[in-house]
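In what follows, chain A forms one complex with chain B and a second complex with chain C.
Let's look at the complex of A and B:
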């Protein structure tokens, strides 16, 4: 039965349930705007979502161009509508969601690794295979496995068996313990829906093939065994200054616009390994050292230092079950609580544009129903091609999701490992998050590595493979390293549609997830878009306690 | 020590739009009923402290917030549920027939560790309406509940507060049993909650 809406006029229609759209949905419904929130996908989170293992594999295959009927998720194969120059006096521009989605990703490659260590119980493994071939994953195994060895098939069967225990983020991010997002989660009440684990260990790779634990807080510096006494004193002096740098402007006078690196060397004699640690593991710069000036650098360093101490010795929190998806759902729930209407798995055929004013007036959904609104907020995937300008220079992020059988470095819920530029032939820093079962990212006895860097080489795999080789036993035969079971490499475009001048004024476009490790820029974007739309309204004020409410 | 923790039970209420999910919650927690139907607005979750077998527990009852209307309840809604209440309207046959899919949906999305023994409770609501309007007999409902592993069944009226207290007492009891079982598996330190009100659920420091 087609799902018709009784109400066809709204203040705002929102397309896509990604992070920024979801915050806006919550904020707008909260102040009493009528909100209709739709997503073509059957899941929340858009390009910020998380998948179980089977879904991730399906997603990768879809992006590789595998026919949709062979996979089990999001099989929205819309036939794109025709562009109509005249629909009741308006232009009807077709939306091609699947195509836009596919174009956002490139160089997708995945690998399944045979279990090299011979397990004792081959019988048990046989059983795995038989059992799985009877259920729904049979199709997947047959489809994927034509080129796999028996050992690799065995790995695949095991991963599929535990598929539902994986929550794999396709745009993994962490949250600073102090910052825009956490304050918003607390003040809006959305934080009540969420649970977190602390990320309290950071490692940095040094050219001697070792990983050093980075001392972040003053206590860390104090107890660190990898830092020399002289370096400890330099670092202490610097951390004390950086935490409160605005109060001693004389220290960085003349360096404001100069590279941060130069400032650290000249004013604090920080160099070598220590310099790398400050730049890439504490300041977390995501580009080359020269590209960050002193003011930017100090701002990031301070943000990091201020985040320490609120939840123990951690600067970041990791949301359980996959951050982007869970946080988006939290904001959507607030929206729904305040009257927002939710339709997942719902395709949109056309956007309607008024010919004379060039304004958005409404859209036509999959059932042919015409829905109108004053504003349209949308992720870039729903923008008709005719309204987009080619943007050659958009940033690309190389990512990898790797499932491994043992932790790297040390046991723990979550850690971060940094490869500074040029340490493994990489142009930009490579960041590797490791999550354990405690974060609900994976089953017991497995770990997930999320790798990311700005794209520089030919493919995501090329950008990340050398770093992966240092972390896991992937090609050499070093049994002391953990073994990979699965790796997916992909490139994600950071498309900035706000640059298109062809867009009607009342269409507001949200950005894709960027290359930063956290949600801060995206949270700020949501807030700014809200303030532009509703200049005199409060952004996500606290929710009244329903227990006191006179309903 | 786990048993000394202050217990928080998450209960979620599922069923078609308009069967009275929000009304049942409100009747139970606030002892209020409004005849004016509005598709759920402003209801997030309600909490109530209850005594179960001499233990004081906090029951947190989660409304669907209307997201069930177009089958758009996200997986996050189901996380960590200790009991699932399935509601239908005894005067509406379709709302009874969809119980099956609501139950399946819960088991798929929440994927509880032991699906066979996960506590459901079924409520047949709106028994205050005149007998001639009744579309689902008690016998038929009970047969269905038995076939699904003996789900406890109550016939309720949120409007006239019939059987509501009783039903939620059973819900609390079964949720507590589930929570205790789940704790048995869970030897991890508790995750971090970021709401300001952290003291509320701290283990008692005695």
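Let's look at the complex of A and C:
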């Protein structure tokens, strides 16, 4: 007997448990709206989720077109081919979720690297292989490993053995210590459900194959051995100005619309390595330097500087156990506390559109039940093709998830490494986050690298491979570097459905994750969508704390 | 859990708080009243001890109470007891003091009483004290009470263990300065340790010069990073002055040995001194180009030039002119100290006329 919902009418139905949808679910339930929140996936987070190793591998294979019965996750029921066009006098538009998901990703390639170092005794290795024969992952090994060498097969077996200790973000992001998201987490109380580690080290790649630690705070500038005395002064002068730039407009007068780079060179004599560090590691420009004007640049720099000092000498925090999935779940929890109804692993067949008003009225789920609501909030994956005008020019992001056996640069919970444009033949800056066991992203003796850049070449691998070669021992047999065990390259689209004019007014679409390093733009979108829907309501007001007896 | 705004208490809550406060004050006054009675009657009993505990928990800066407490202990618990009991009693005192530190980590009297306890007991655990003061400086690296106490503890420790802690303590100041160099206490501690280090390590001239130059490098990095931070400049001034003291004392020793070579030695030392002054003058001038309005930078330059003048014969007029210009600039940018700069300026103007 399929599960039927008793209540079939809601203020809002939300499809997808991604970051933006989840914030909205929390915010709407919090002010008393009735919320039904559904996800076709069996996990939270949508395209912001995190996977264990086995799930990640399955996910990659699915996207590569591998039939779903060969993998253990994502049992998506495809929409039946005979699409009903009419349902009780309304237009019934079929949803093809898994097709939409697949189309969002491209150039998916993964590599498994053999353990060449003979550090383990052969006995132990054999034991690994032997154990895994009875293991459930045997199926996966057999499927994946037809083309693998023994060494590679050994790596795969080890990774699968520790699979559950991995929380791998497919859209990894960090959080500035001062910004929209952290204030929201604090004010709404959602922060109580989460744990964080500080990301307090940034490195920048420069020519001659070196990585310099980027000095951000006064202490860093003072102790840095790579920054000359004169540069220490120039940098500090600039940082002091930028922290409070709105109070000295005369300094940037005439430069407002001009490139930030020009301003830094002419007004603060910042040049060379220092300029690169300011632009790409402190201002965190995602594009080419010329695309950012002085006002934008100063705003980003200031945001970075303001983030310092709040939680030690770190500008960013990393959410433990996979950021996207954990934070999304935190907001879903607030929603559930205030009466939101949750259904995961639940497919939607059709959206219903009123023929005369062209408004959304409801949907039909996998059990054929009709559910209706005043508003529909949805990730773009649930939008029927007929309502989409796909923008061919939409931004694409190249990403890589790499598991390595030793830290890069220095030991620590989390670090950020920047490759400025043209430093390894890259058109746009490449950012590399390194997470350790401390962030609960991986087992104790492993590290995870998340690489990302705006897409420019033919594939994600092409965009990122040269940078990876500088970080790990992948092809040049440099034993001083750490060795990769696994690398997954993929590209995903940043689709902006708000541009589609075919959408009914009461369907609100959330964007994919963008190329920025943090959750700020997504948090702002959630807030704006909420304010548009409920103009006079407070956005996620504080939840009364039952333990708060502060009298 | 951080950054939550405190909600302004309602009038009712505020009234409740006031009422609570009134009773608290009344209670405190009663306690103090009974203290005076006890003190006058010289009642050094357990009730008196409990009374001081109560008062000190509320106000650890009431030093008369501490004195009374010591009298109670000396005339009561510590009188005619075994060493074991003494140790036990004073250890309990230390625990009590540790609780009070959480209320006020900057009270002279708590530190004072702690010293008394440790010195009165037979087996004080100085290692534990060092750990404690390390924790203090972790929480607040600029707590000068803690730095002072650290000097006290390390001197006791090096006495009992007969090993020098100078290098370890010197490295400790490096760590603290690297974390935040705006720390008068840490620089001061360094200035105490550097001469000891030179003495203990028995450094020859060249090694000594190398060590001192390293100090100049460190402090240079600090005032280039933040020229408005006075603490680094003070250390720089101390370093420059130190150079002159070291060379003078040497000169005196050598002059005793052989009066024949006095002139020769004097000229060598003076030339080294001039070299150092000129090097530092260049460093400061370079910074001044980037920060023409830095008052510490200008002050330092004036100091260095004035000492240079007393060491060289030539360019005296040129140096005077420069110091006068510096004073003029300082008078403009540092209004609170104009008279001081005018005074300095007058010395070099009159020199010119003379």
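The rule is short, and it goes like this: the second predicted complex is superposed on the first by the 535 of 551 C-alpha atoms of A that agree within 3 Å, B and C clash if a C-alpha of one lies under 4 Å from a C-alpha of the other, contacts with A are read in each partner's own complex, and residues count from 1 in each chain.
Going forward, a residue touches a chain if its C-beta (ideal position, glycine included) is under 8 Å from a C-beta of that chain, and two chains touch if they have at least 3 such contacts.
Quick caveat: nothing in here was measured; it's all calculated off a predicted structure.
Visitor: Once the shared chain is lined up, is A:438 touching chain B (first), chain C (second), both, or neither of them?
Guide: A:438 sits against chain B, while chain C stays out of touch.
Visitor: Given the touch rule stated above, what does A:223 touch, chain B (first), chain C (second), both, or neither?
Guide: second
Visitor: Of chain B and chain C, which one contacts the greater number of residues in chain A?
Guide: Between chain B and chain C, B touches the greater number of residues in chain A.
Visitor: Would you check which partner chain A:329 touches, where first means chain B only, second means chain C only, and both and neither mean what they say?
Guide: The answer is first: A:329 touches chain B but not chain C.
Visitor: Considering only touches as defined above, state whether A:192 meets chain B (first), chain C (second), both or neither.
Guide: both
Visitor: Tell me which partner A:345 touches in the superposition: chain B (first), chain C (second), both or neither.
Guide: Only chain B; A:345 stays clear of chain C.
Visitor: Return first, second, both or neither, reflecting whether A:43 touches chain B, chain C, both chains, or no partner chain.
Guide: It touches chain B, and chain C stays clear.
Visitor: Pick out the shared contact residues on chain A: the ones touching chain B in one complex and chain C in the other.
Guide: Correct list for chain A: 182, 186, 191-192, 311, 551.
Visitor: Touching residues of chain B toward chain A in the complex: what are they?
Guide: Against chain A, the touching part of chain B is residues 26, 29-30, 32, 34, 40-47, 65-67, 69-72, 74-77, 79, 111, 188-189, 191-196.
Visitor: For chain A, which residues count as touching chain C in their complex?
Guide: Touching chain C from chain A are residues 182-183, 186-187, 191-192, 218-219, 221-223, 229-230, 232-234, 236-237, 310-311, 542, 551.
Visitor: Quick one: which bits of chain C touch chain A in the complex? Just the residue numbers, please.
Guide: Against chain A, the touching part of chain C is residues 1-4, 13, 16, 178-181, 220-222, 224-227, 286-287, 290-291.
Visitor: Would you tell me which residues of chain A are touching chain B in their complex?
Guide: 3, 43-44, 164, 182, 185-186, 189, 191-198, 311, 317, 320-321, 325-326, 329-330, 332-334, 336-339, 341-346, 437-438, 543, 546-547, 549, 551
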